[in-house]
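You will see chain A twice below: alongside chain B first, and alongside chain C after that.
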Partner chain A sequence: MTRFLAWAMFLFGVAYFALPLFGMTEFSLRMRRGVYSLDAYRVVLGDPQFQATFAYSTVMALLTIVVGVLVVVPTAYWVRLYLPRLRPVVEFITLLPLVIPPIVIVFGYLRLFNTSSWLPLTGTAAGTNLLLLMGYATLSLPYMYRAVDNGLRTIDVRTLTEAAQSLGAGWATILARVILPNVLVAVLSGAFLTFAIVIGEFVMAALLNRPAFGPYLQLMGANKAYEPAALAVIAFVVTWVCMGLISLVTRFQKFTPAPR
Partner chain B sequence: MAFLELSALQKYFGANHVVRSFDLDVAKGEFVTLLGPSGCGKTTVLRMVAGFETPSSGQIRIDGRDVTALRTSQRDIGMVFQAYALFPNMTVAENVAFGLRVAGRPRAEIDAGVREMLTLIRLPDLGGRYPFQLSGGQQQRVALARALAARPKVLLLDEPLSALDAKIRVSLRTEIRAIQRQLGITTIFVTHDQEEALSMSDRIVVMSGGVAEQVGPPFEIYNRPATRFVAGFVGTLNQIAAEVIDAGAGRLAVGGAEIALGRAIPPGQGTVSLALRPEAVGLGGRPGDIRLAGEVSEVSFHGSVVRVRVEVAGGSIAVDTFNNAASRPPAAGERVEIAFAPSDVLILGD
Partner chain C sequence: MAPFLVFTGLFLILPTLYIVVGAFRATDGGFTLQHIAGLNTPAIRNAYWVSIRISFWSALFGCAIGLGMAAAVIHGGLPGRLRGPLMTFSGVASNFAGIALAFAFIATLGPAGLVTLWLRTEFGVNLRAYGFNLLSTTGLIITYLFFQIPLMILIIAPALDGLKREWREAAETLGASTFQYVRMVALPILFPSILGCFALLFANAFGAVATAIALTGSSLNIAPILLFAQIRGDVLGSPGLGYALALGMVVIAGVANALSIWLRTRSEKWLR
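Then we have the complex of A and B:
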C-alpha cells in the first residue's frame, strides 16, 4: 500500500510538471495550420529584437557571475576562516533577496540613484546597466553564496591556507591558485544558477527600462499567440542546459578535493 | 649564537595561559622535538614560530632577524602538517613547485628543484599524479618535498606522522631524519609520541602546562629526568614508596625489607618515591643488586620483549626481559625475586 502511494505521488508530481510543458511545447509547434512545424521558433530566432535582448541578457548574466564570484568567494572564504561565528548572520543576509521582492529593491534603487540624487546612475544607459547588474548580483546572492559555501565545506580551508602561507603565498595567490580551483565546481554551479535566473528576470529589467530578454518575453506574450510558447520553451531549454552543465563539470573534475 | 631563538614567549587565548615564558635556543642544523601531552602548548609554540599565532609577549628570531611581527609568508619557513595539506587541484610536481613559483624563480630552476626534491623523497616518477592517487606515506613525503623545495631556513613539522599507520611511521621517521641531516636544515618537530621524539631528535623539549619541563638530548631525558612529570611521561616508569631510615647513608625501607642505595638522599623527607625503568629491573640479578621478593600478577608478550608485572611490598613493578625461546617466562601467581642496581634507582623530585 505504501509502495503504491509512493508511486502514485511520484506519477502525480511528474504529471504536474510535465503536462504543462508538454502542452506548451505542443502548442508552440502548431503555428502552421493542420501540421506540426518549427515556424514559431524560426520567427522568434529570426527576430532582431530577440537576438538583441537575448545577447543583452547573456552579457549581463556573465557580468553578474563575475561580480558574484569576486564578491562571494572572498567573503565566504573569509567568514569560514576567521569569522565562523558570524556565519549564521552572513547566511541570513544572503537570504534576504529571497524575502524582499525585486520590485522593492528596484524602487529603492530608483529612490537612491535617480537623476536628482547625489549619484544619478539612472541618468545614463551605462549607469542604469550598472544598477541592473548590481540588482542581478543581489538576486543571485542566495544561490551563489550557498554554492560556494558548500564547496568550501568540502576542503580543509584553514590548513590549505596555512600551507600556502608557509610557502610564501599572499592572499591573492591563495585565493586564485589554491581556494578558487578547489571550489570551482561549486562556483560553476552557482554561476549556472545565476545565468538561469538572470536570463529570465523581468521585474528589475522592466522597471529600469533595459532591453533584456525578460521584458521581451512579456511583450511577445501580450501580442502574439505561438511565439511566446516557443520563447518559453527556449528559456526552459537554456535553464536545463545550465543544470546539465552543472552535473557535467562535477563529473569531469580531474581531482578529488581533500577531505576535511 | 643560536640560529632560532625563542625568548620569553607567552600566549594567552582569552583567560587561558597556554604558553608560559618559553625560552629555547636552537643551533643551525639541529633537530629539536617539542614533546608533551595534548594541550601542553607544543603546537602553539610551533604555530607562533610559523606566524600562524601572534605571541602575547616575547620574541622570535631566525638567523639573527626578529620575525615576531612578520607574516608567515615573510619568515622563510617550511612546514609539514599532520593532515598533509597538499593542494588537491595540483599534481605532485605542481605542489612541490608551488613555493618556487610564488618566489618567482625562473622556470629552469623550478624544474630542476622539483626533480631534485622528488628524487630526494624517492618518488621521481610520480610528479604527474594528483594527491588523491597517492598513499598517506607518499603524500607526507610530497608534503616534505614541498616544504623543502624553496630551501627555507627553518623546517617545522607538526605531528607529520600521526595520521600514518605504524609501519609507515617508523620508516618515514628514519627517512625524515636522513633528509634533515643531508640538507642540514634546522628543524622543530612536534609530537606526543615519545618513541618518535627519542629516536629522531638531537634534543627534546618536554612540555607540560605551557612550560618546558626539561630540555636535553634523548639519552639524558630518558635516563635522568629532571622532574616527576618528565620521568612519568617519557617511557614507562615504576614507582615505589620507601621510608627513609638514614638519609646520609642512603638506607631505606621498602615494605619490610631494608635496602641501601649507597648514596645520600636529599635530607628532610620521611618517605620518598623511588623510580625504576622496567629494563633496569631483572628476575634474578648480579652481586651487589638490591633484591625484593614478590608475586607475578601479569605477563604480557610484546615480541622481542616480555613484560612481567610483579607485586612487591612497596607497589607494583614492571620488569622487561628479552624474549628467549629456550626459557619460559614466569606464570601469574608465581613467587619471584626481582633485582636492580642501586645506581639505576632514581629519587624523584616534584
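Then we have the complex of A and C:
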C-alpha cells in the first residue's frame, strides 16, 4: 500500500515535469507544416541577434565568475582564519541577495548610480555593463560563498597557511597557489551555478537596458511562435550541462577531510 | 575583508537602503509616511493580494508535492537508484526559472500547446471552455510549481534523512500502523521543517518576475510586475510611491525568509 502510494506520487511528479519538457521540444520541431524539422533551431542559431546576445551573456557570466572568485575566496579564507567571530555577520550579508528581490536591488542601482549622482555609472555603456556585472556578482554571492566556505571546511587552512608562510610566501601567493587549488572543486561548483543563473537572467539586464540573452528571449516570446520553444530547449540544455558539470567535478574530487 | 565590504556595501546594502530611505522621504527631503499610506489604493492592494495568493498556493502545492516525492524516494520503498537522478534533476529544474520556463509552459498548456491540442482532438475536452487560461493566476501557479517542487525536494531531503529508523521501529513495536506513524511521529517532527520550507518557497515565488512577465506580458497585475512597470516608466506617477512599493516587497520577502530560517533552525534540534 505504502509502496503503491509512493510510486503513484513519484510518477505523478515525473509526469508533471516531463510534459512541459516534452511539450517545448515537440513544439520547437513543428515549424515546418506537417513534418518535424529543425527549422526553428536553424532560424534561431542563424539569427545575428541571438549570437550577439548569447555571446554577451556568456562573457558576462564568465566575468561574474571572476569577480565572484576575487571577492569571495579571500573573504571566506580571511574569516575562517582570523575573524571567526565575524562569521555570522558575513554569512548574513552573503544571504541577503536571496532575501532582497533582484528587482529591488537593480531599482536601487538605477537611483544610486544615475547620471546626476556621485558615481554616474548608468551614464555610459561601459559603466552600465560594469553595474550589471556587479549586480550579477551580487546575485551569485550566496551560492559562491557557500560553495567556497564548504570547500575551505574540508582542508586545514591554518596548517597550509603556516607551511606556505614558513617557505616565504606572501598573501597573494598563498591565496592563488595554495588555497585556490585546494578549493578548486568548490569554486567550480559555484562557478557553474553562477553561469546557469546569469545566462538567462532577465530583470537586471532589462532594467539596465543591456543587450543580454534574457531580454532577447522575452522579445522573441512576444513576437514569434516556434523560435521561443527552440530557445527554451537551448536554455534548458545549458542549465542541464552546468548542473552536470557540477556533479562531474564533485565526483572527481579526492575527498580527504582534514583532521580537526 | 576590505574588498568584500566595499563590494557588498556599494552594490547590495547601499542600493537597498536608498530604496528604504526613499520610501520615507518627502520631496523636500523631510520624513514622511505619505508614500506608505499611498500604497493603500485598490490597484496596489490588489497587486499585492494577487502576488500573495499566487505565492501562497504555489508554495502550498510545492510543499505538498515536493514532500510527497521526496518521501516516496527516501522512505517509500522505491528503488534507491532513483534518488540520485531525482536530486540532480531537482537541481536543474529549480534553476530553470525565468523566461524559458514560461516558453515551455506556453508550448504545453498554451492555446496551441501540446496538451491543449491533445485533449481537444483525442478527448474532445476544450480546456478554454472550462475556463482554463495559462495567462492567469492559476496558470502562473502551475508554472511556478516547476521550480517550487524541485526546491522543496532539495531542502526537505536532509530533514527526511534525519528521521531515525528507530522511531519507526519503536512505533511499529507499539502496534502503530504506517498511517499512525506518519501522523503521530513523522509529521510532528517534520512540521517546523515543512513550515520553514513553505516560507522559503513563498519568498521564492514572491520575488519571481521574469516568468510572470514572459507568461502574461504586463496584463496580470501582480506586485513585481507593477514595480517593473514603475521602474521603467513611473506608471504610478510618483517616485516615492515606487520606493514604498519596493519596500513592501522587501518586507514581505524578509519576513518570509526570517520565519523560514527560524523554523528550520528549530527543527534541526530533532533531526541531528
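Keep this in mind: the second predicted complex is superposed on the first by the 250 of 260 C-alpha atoms of A that agree within 3 Å, B and C clash if a C-alpha of one lies under 4 Å from a C-alpha of the other, contacts with A are read in each partner's own complex, and residues count from 1 in each chain.
What we mean here is this: contacts are C-beta pairs under 8 Å (C-beta built on N, C-alpha and C of every residue); 3 or more make two chains touch, one makes a residue touch a chain.
Source: prediction; values computed, not measured.
Enquirer: Would you check which partner chain A:A164 touches, where first means chain B only, second means chain C only, and both and neither mean what they say?
Expert: First partner only.
Enquirer: Counting residues of chain A touched by each partner, does chain B or chain C come out ahead?
Expert: C
Enquirer: So, does A:N129 touch the first partner chain B, the second partner chain C, both, or neither?
Expert: Neither partner.
Enquirer: Considering only touches as defined above, state whether A:S37 meets chain B (first), chain C (second), both or neither.
Expert: A:S37 contacts neither chain B nor chain C.
Enquirer: Looking at A:N150, would you say it contacts chain B, chain C, both, or neither? Reply first, second, both or neither.
Expert: Neither: A:N150 stays clear of chain B and chain C.
Enquirer: Which holds for A:T58: it touches chain B only (first), chain C only (second), both, or neither?
Expert: Touch status of A:T58: no partner.
Enquirer: Take the contacts of chain A with chain B and those with chain C, and give the residues found in both.
Expert: Comparing the two interfaces on chain A, one with chain B and one with chain C, no residues are shared.
Enquirer: Given the complex with chain A, which residues does chain B contribute to the contact?
Expert: Within the complex, chain B touches chain A at residues 50-52, 71-73, 77-79, 81, 83-89, 98-99, 102-103, 130-132, 143, 146-147, 150, 156.
Enquirer: Going by the contact rule set out above, which residues of chain C touch chain A in the complex?
Expert: Going through chain C, the ones touching chain A are 1, 3-4, 7-8, 10-19, 22, 65, 68-69, 71-73, 76-78, 82, 88-89, 91-93, 95-96, 98-109, 112-115, 145-146, 149, 178, 203, 206-207, 209-210, 213-214, 217, 224, 227-228, 231-232, 242, 246, 249-250, 253-254, 257.
Enquirer: Spell out the part of chain A that touches chain C in their complex, as residue ranges.
Expert: Against chain C, chain A makes touches at 1-3, 5-7, 9-10, 12-13, 16-17, 19-24, 26-28, 70-72, 74-75, 78-79, 83, 86, 90, 93-94, 96-112, 134-135, 137-138, 141, 193, 196-197, 200-203, 207, 214, 217-218, 221-222, 225, 228-229, 231-232, 235-236, 239-240, 242-244, 246-247.
Enquirer: So in the complex, which bits of chain A are touching chain B?
Expert: For this pair, the touching residues of chain A are 155-156, 159-160, 162-170, 173, 177-178, 181-182, 184, 254-258.
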